[in-house]
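See the structures that follow.
Below, chain A partners chain B and then partners chain C, in two separate complexes.
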Partner chain A sequence: MDVKYKVNRLQTTNEIRPLVDKHWADLRTAKERGEKVAWASGPTFIFAYAMGMKCHFMAGYSAYCGGIGAGEEVLKVAEMTGDLPETCSYHRLHMGMGEAVARGIDINPQAILPMPDLMVAGRLCPEMSHYAEGLNRRFGIRILPIDLPSVYDLKDQPRLREFVYRQFKEVVIPTVEDVCGKPFDYDRMSEILTVLKEVATLRNQCWEFFKTKPACWTLWDYGVSIAPVFYLMGNPAGVAYYKRLLKELQERKEKGIPAIAPDGEKYRLYWDGWLPWAFLGKFMRKFTPNGAVCLCGRYPWEFFPHPELIDPEHPVETWADLYYGEGRLTYNFSPHGTVDLISELIEDYSIDGLVMFSSKTCRIMNLSQPEVIDVLDKKYGIPGVIVEGDMIDPAMISDAQIETRLEALYEMIDSRRR
Partner chain B sequence: MEKVLTEIAEVTADPYGYVAGLKERKEKKVIGCFPMHIPDEIIHAADLIPVVIWRGNEPVTWGHAHVPPYDCGITRSFVDDAVRGKLGFMDGMVFHVRQCLQAGEFPFIMERHVKPSYQKVLYLPALYPGDVMRDFTITELEGFKTSLEEFTGKKISDDNLNKSIEIYNKNRSLLERVYEIRREKPEILKAREVMQIVWSSMFMLKEDHNKLLTELIKGMEAKTVEPEKDKIRVIPVGCLCQTLQFDILDLIEDLGMIIPDDDLYIGSRYFANQVNLDGSPLGALADRYLTRTPVCPTKGVWQVHWGDEAIKKMRDNDARGIISIIVKYCPPHACYYPDFKSKMEQEGINAIMIEMEHEIITLEAIKTRLQSFVEIIGGV
Partner chain C sequence: MAIAIGVDVGSLCTKTVILDGGNNVLAYDIMRSGHYYKGAAEESIDNVLKTAGLRKEDIGYILGTGYGRGAVSSADGQVTEITCHARGATRLFPGVHTVIDIGGQDSKVIGIGDNARVTNFVMNDKCAAGTGRFLEVMALALSVDIGEMGDLFFASDKKVEVSSMCTVFAESEVISLFAQGHKKADIAAGIADSIARRIVGMVGQVGLKEEVIMSGGVAKNAGVAHAIGERIGAKLLIADEPQIVGALGAAIIASERI
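For the complex of A and B:
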């Protein structure tokens, strides 16, 4: 008889929504309190936070917008006001939101943010630059641009670190000082990093419960828990959240409660690419009934997997080192880095198969995905499939295609087990 | 003049064969550079043959297994050519992986399937504020030069570099002269011929190309043409990294339009800006790269508006409209386009956009759009 799989929902994850909502509500009302507002892309918002600015983050806002179900209507405004569908959906969301405000078009009020005093535009991906330039051209927003190349080859890393560190010191810090009219607050940056280090350490302990067989929670649960290591960075509420999450996972393990009922997963999967924020439920419904669970992924591992490297005593240096030193956070965007990271994850989390999510409008994680599958298949005998889609835009998602590819993956895993 | 045009038409009809033959004749190694911003003067100074990588004209086949269908034409076509073994004559390849996300596709695929004996990744920066940008550009170019020296086992002296830069500058001046004559008498060349002239410069040795251009210019200067006053002057803009299908250029002309000047990558953008020979050659190459105009949407420039530049070009040429050509799935251009379009609307400029795909099934849809455009701007 077929096993009827179903998700065992975690209790703690219900507590994230109020934290996240409060963050965005504070941002929406910041100007009323006379606070400065920044928007950010790439790993840059910490500099605005250190200065006490309220700050949005490009991907965080997009995830939030998708999560509250506002993605589609904001994308429609973007389309109506001239944006082309093949540009990245995060770009279009921001243009749509800006245009809705400028033209008084009615959208979900929770999706509206105040126009910023500064846009800290980290060009990790070139499109982050296009979005900032577009916002400047259309709405006159001041830009603080930072070029943040991802490292193709580790031997390039030292000179890229120097390049980025110099930008932090020579461009970023003087500009935020100028905008805020006060000296850069190194102490606050250190405090933020101290909290981040504690949260990321607790989060890593939670990751241990992905390793258990059966697993105690899913990547999707972690996906909704990302904010404390991301844009809620420096907020002590994140420590409390992860302590409770850790406790719940420990209890689950003791009581033998798996992530999916009745007795845990049949397929342990790796997920590559962004999380499909607007479609988490949709994908869950395609995994769970088949006994498949995603347990780790490249994007969710971007949030400081090595808290031991965070040195709050040297905040600016540590920030450069996390991305361009031992932390290797930008290297993971290149195919070599991807192979290295996924190899570790396959080994640590006993992965059976790879789901490579290929976003049609954001190619940053798509780079060489077919090659990466091939390399890892040869190395570990683990199959992988590419699933095409988008994080936000429903026009780019095809149910039939997702189902066919996932079925193929399950079959390949089964046939290799036989 | 006709002889030169025939020669150029021949080499552009088969760039693969031409470059392979060139390599044999000159007994030099060939280094392919992915367009648009690699300063190939350095490769030339290393006594190698630099060629700008091109979009082939065949449908993508094996390449599908390596790159998604939603990558731009040249990305898919180049990977396809490479994995099918059509680029065996390239001993080396250079990629500037910061131009756009898609340019980041290549190095890993090439390493695994083509294994050129030389491969270099450049991270040229965005044109952002701060001395660090220029310093870093120079660091990148120094690294590029050193890697070539290691590859050939020969030092590249400043003297060699200056000589190569001079040859390249000469080529730019000659191409500029071709354009100048074309602006005076746009009937003198077909738009496809102009594109072929610029394109051939990208993969012929510049010295050879300079000779051809010198002869061509003589012919162009001497030739009188009957002005076709009823033709509607238009300026095509964009088409980053790759050749526009020649059929589209023909279509524009067949519909009664004429192109006195352009703002295309395989056009005036390629040879814009000389390299200043006064100071250090690498510094000068860096400065050319760091020049904000012509605005390139891949370079992170927001202080100058591309739309203003295009309008100026249109007015300088008494043209009546602008045709934007966007390569399908080219995010840098696609992200910029809405602002470009708004600028056209604000200034009351007749403008249209056509999307260029690698595999054109039929020109009918493009024809219909261009037909209505030409009617609006006062044609037949």
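For the complex of A and C:
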């Protein structure tokens, strides 16, 4: 008889929504309180946070819009006002929201944010440049451009670290000081990093429960719990959240409660690429009935997997080091770094198969995916599939295509087990 | 009597194969799926039973495959067309390592390792370029019956280039080529080659390993098959009835589950 798999839902994850909602509500009303507002792309928003600016991060807003079901209508406004539908859906989402406000087009009021006093434009990809350019050209927003080059070879890392560090010191900090009219608050940056270090340490303890067989929770649970190491950075509520989550996971392990009922997962999967923020439920419904569970991924692992390297006493230096030093957060996106990181995850989390999510509107992680599957198949003998879609845009998602690819992956895993 | 049935419900056609206890093909059926996939699947099953002189009570296992596999209401199980094509292809040609399957709205290339196992695959995604639907639209643009398209290819002495991969844009391009005075046969050859160019990229991703089988309705178009063979530099094996390879694989898997 076929096993009927279903998700054992965590209780703690219900507590994230109020934290997230408060963050966005505070952002929406920031200007009414006379607070400065920044928008950010790339790992740069901490500098705005340190100055007490209310700030949102490109992907964070997209995740939020996905969560409140506002993505499609805002993307439609972007298209109506001239954005090409094939361009970055994160970019389109922000342009759509800005244009909706500027032109009085009705959208979900929860999706409306105040236009920023500063765009902290960390550029990891060309689309991030276009995003900043669009904000400047269409809405006259002040832009703080920061180049965050890729690291292809670790021997280049010290030189690139110096390049990025000097931008932080010589461009970013003077600019936020100018916008806010006060000296940079190094102490606040240190406080934020202290909290981040504690949250990420707790989060890593939770990651240990991905390693258990059966797993105690899923990557999707972590996806909805990501805000405390992301845009809720520095908020002590994140510490409390992860303490409760850790306790619940420990209890699950003790009581033998797996993430997937009745007896745990049949397939342990790695997820590559962005998380499909607007479609987490859709994908979950394609994994769970087959006993499949995603346990780790390249993007979710970019949120400070080595908290021991965070040195709050040297805030700017440590921030540069996380991305361009021992933290290797940028190198992990290079061809060799990607294979190294995924290899580590396959071994640590006993992975059976690879789901390479290939966003149609953001190719930054996609270009190497077929090669990565090939290399890792040869190394570990595990199969992988490419699943095309998008983080936000429903026009780029096809149910039947996704189902066929995922089911073919399960069949390939089965055939290799026989 | 342990008979096994495989039903491949595709976007354009539903294909059904029935096997006896010794895995011999007793009958097969190909019919248009229409808009009621459940009905098409059951009708196709009735057709093969009738041809084979069998009754529903004789069925040991029915396996559904294809995009409409969920619509086979009498199925005992489902398996994707990826696995089924690999099984069907290796039954027909035991030395096969690559499957090129071009169906109505879908094209895929499947790599096969030992024991008929799928090693990797690529599929087109939400785009009809290089599929049977693409050919149908092009046949309409050329004002020829789709069955004549393959022969037209061989009547060409100067293939023109149809560069667009988009079905709609390619249709406009064909109309424009007509306006420029190009011959129908030369345009047909260009269309076949445009499909071949699309497929060769997919073959490259999977990695060409001979032998290579071509399946699906488009394999019946000799012009396209020839163009693909030329582009990939390998001889294509084509079954007498290339449309039933997936259903055959499904029937083989069904027979193993009885």
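Please note the rule applied: the second predicted complex is superposed on the first by the 418 of 418 C-alpha atoms of A that agree within 3 Å, B and C clash if a C-alpha of one lies under 4 Å from a C-alpha of the other, contacts with A are read in each partner's own complex, and residues count from 1 in each chain.
One rule holds for everything that comes next: a residue touches a chain if its C-beta (ideal position, glycine included) is under 8 Å from a C-beta of that chain, and two chains touch if they have at least 3 such contacts.
It should be emphasised that the depicted structure is a prediction, and the values quoted were computed from it without experimental measurement.
Clashing of chain B with chain C is the outcome of superposition onto chain A.
Using the contact criterion defined above for the overlaid structures, shared-chain residue A:133 touches chain B, although it does not reach chain C.
In the superposed model, A:11 makes contact with neither chain B nor chain C.
In the overlay built on the shared chain, the residue A:398 is in contact with chain C alone; chain B does not reach it. When the two complexes are overlaid on their common chain A, residue A:29 makes contact with neither chain B nor chain C.
In the superposition on chain A, contact is made by A:370 with both chain B and chain C. Set against each other, chain B and chain C differ in how many residues of chain A they touch, and the higher count belongs to B. Applying the stated contact rule after C-alpha superposition, one finds that A:408 touches chain C and leaves chain B untouched. In the superposition on chain A, A:87 makes contact with chain B only, not with chain C.
Only one of the stretches 59-67, 221-229 or 275-283 in chain B has C-alpha atoms clashing with chain C after the fit on chain A, and that stretch is 59-67.
In the superposition on chain A, the residues of chain A contacted by chain B and by chain C overlap at 370, 386, 388. Those residues of chain A that touch chain C in the shared complex are 370, 373-374, 377, 383-386, 388, 396, 398, 400-401, 404-405, 407-408, 411-412, 415-416.
Those residues of chain C that touch chain A in the shared complex are 67, 78-83, 115, 117-123, 125-126, 205, 207.
Listed in rising order, the residues of chain A touching chain B in the complex are 81-84, 86-88, 91, 95, 123, 125-127, 129-134, 136-138, 143, 145-147, 149-150, 152-153, 156, 159-160, 163, 166-167, 170-171, 334-336, 358, 360-364, 366-368, 370-371, 375, 386, 388. Chain B meets chain A in the complex at residues 65-68, 70-71, 97-102, 104-105, 107-109, 112, 121, 123, 125-126, 128-133, 135-136, 139, 143, 297-298, 300-302, 305, 326, 328-329, 331-332, 334-339, 341-342.
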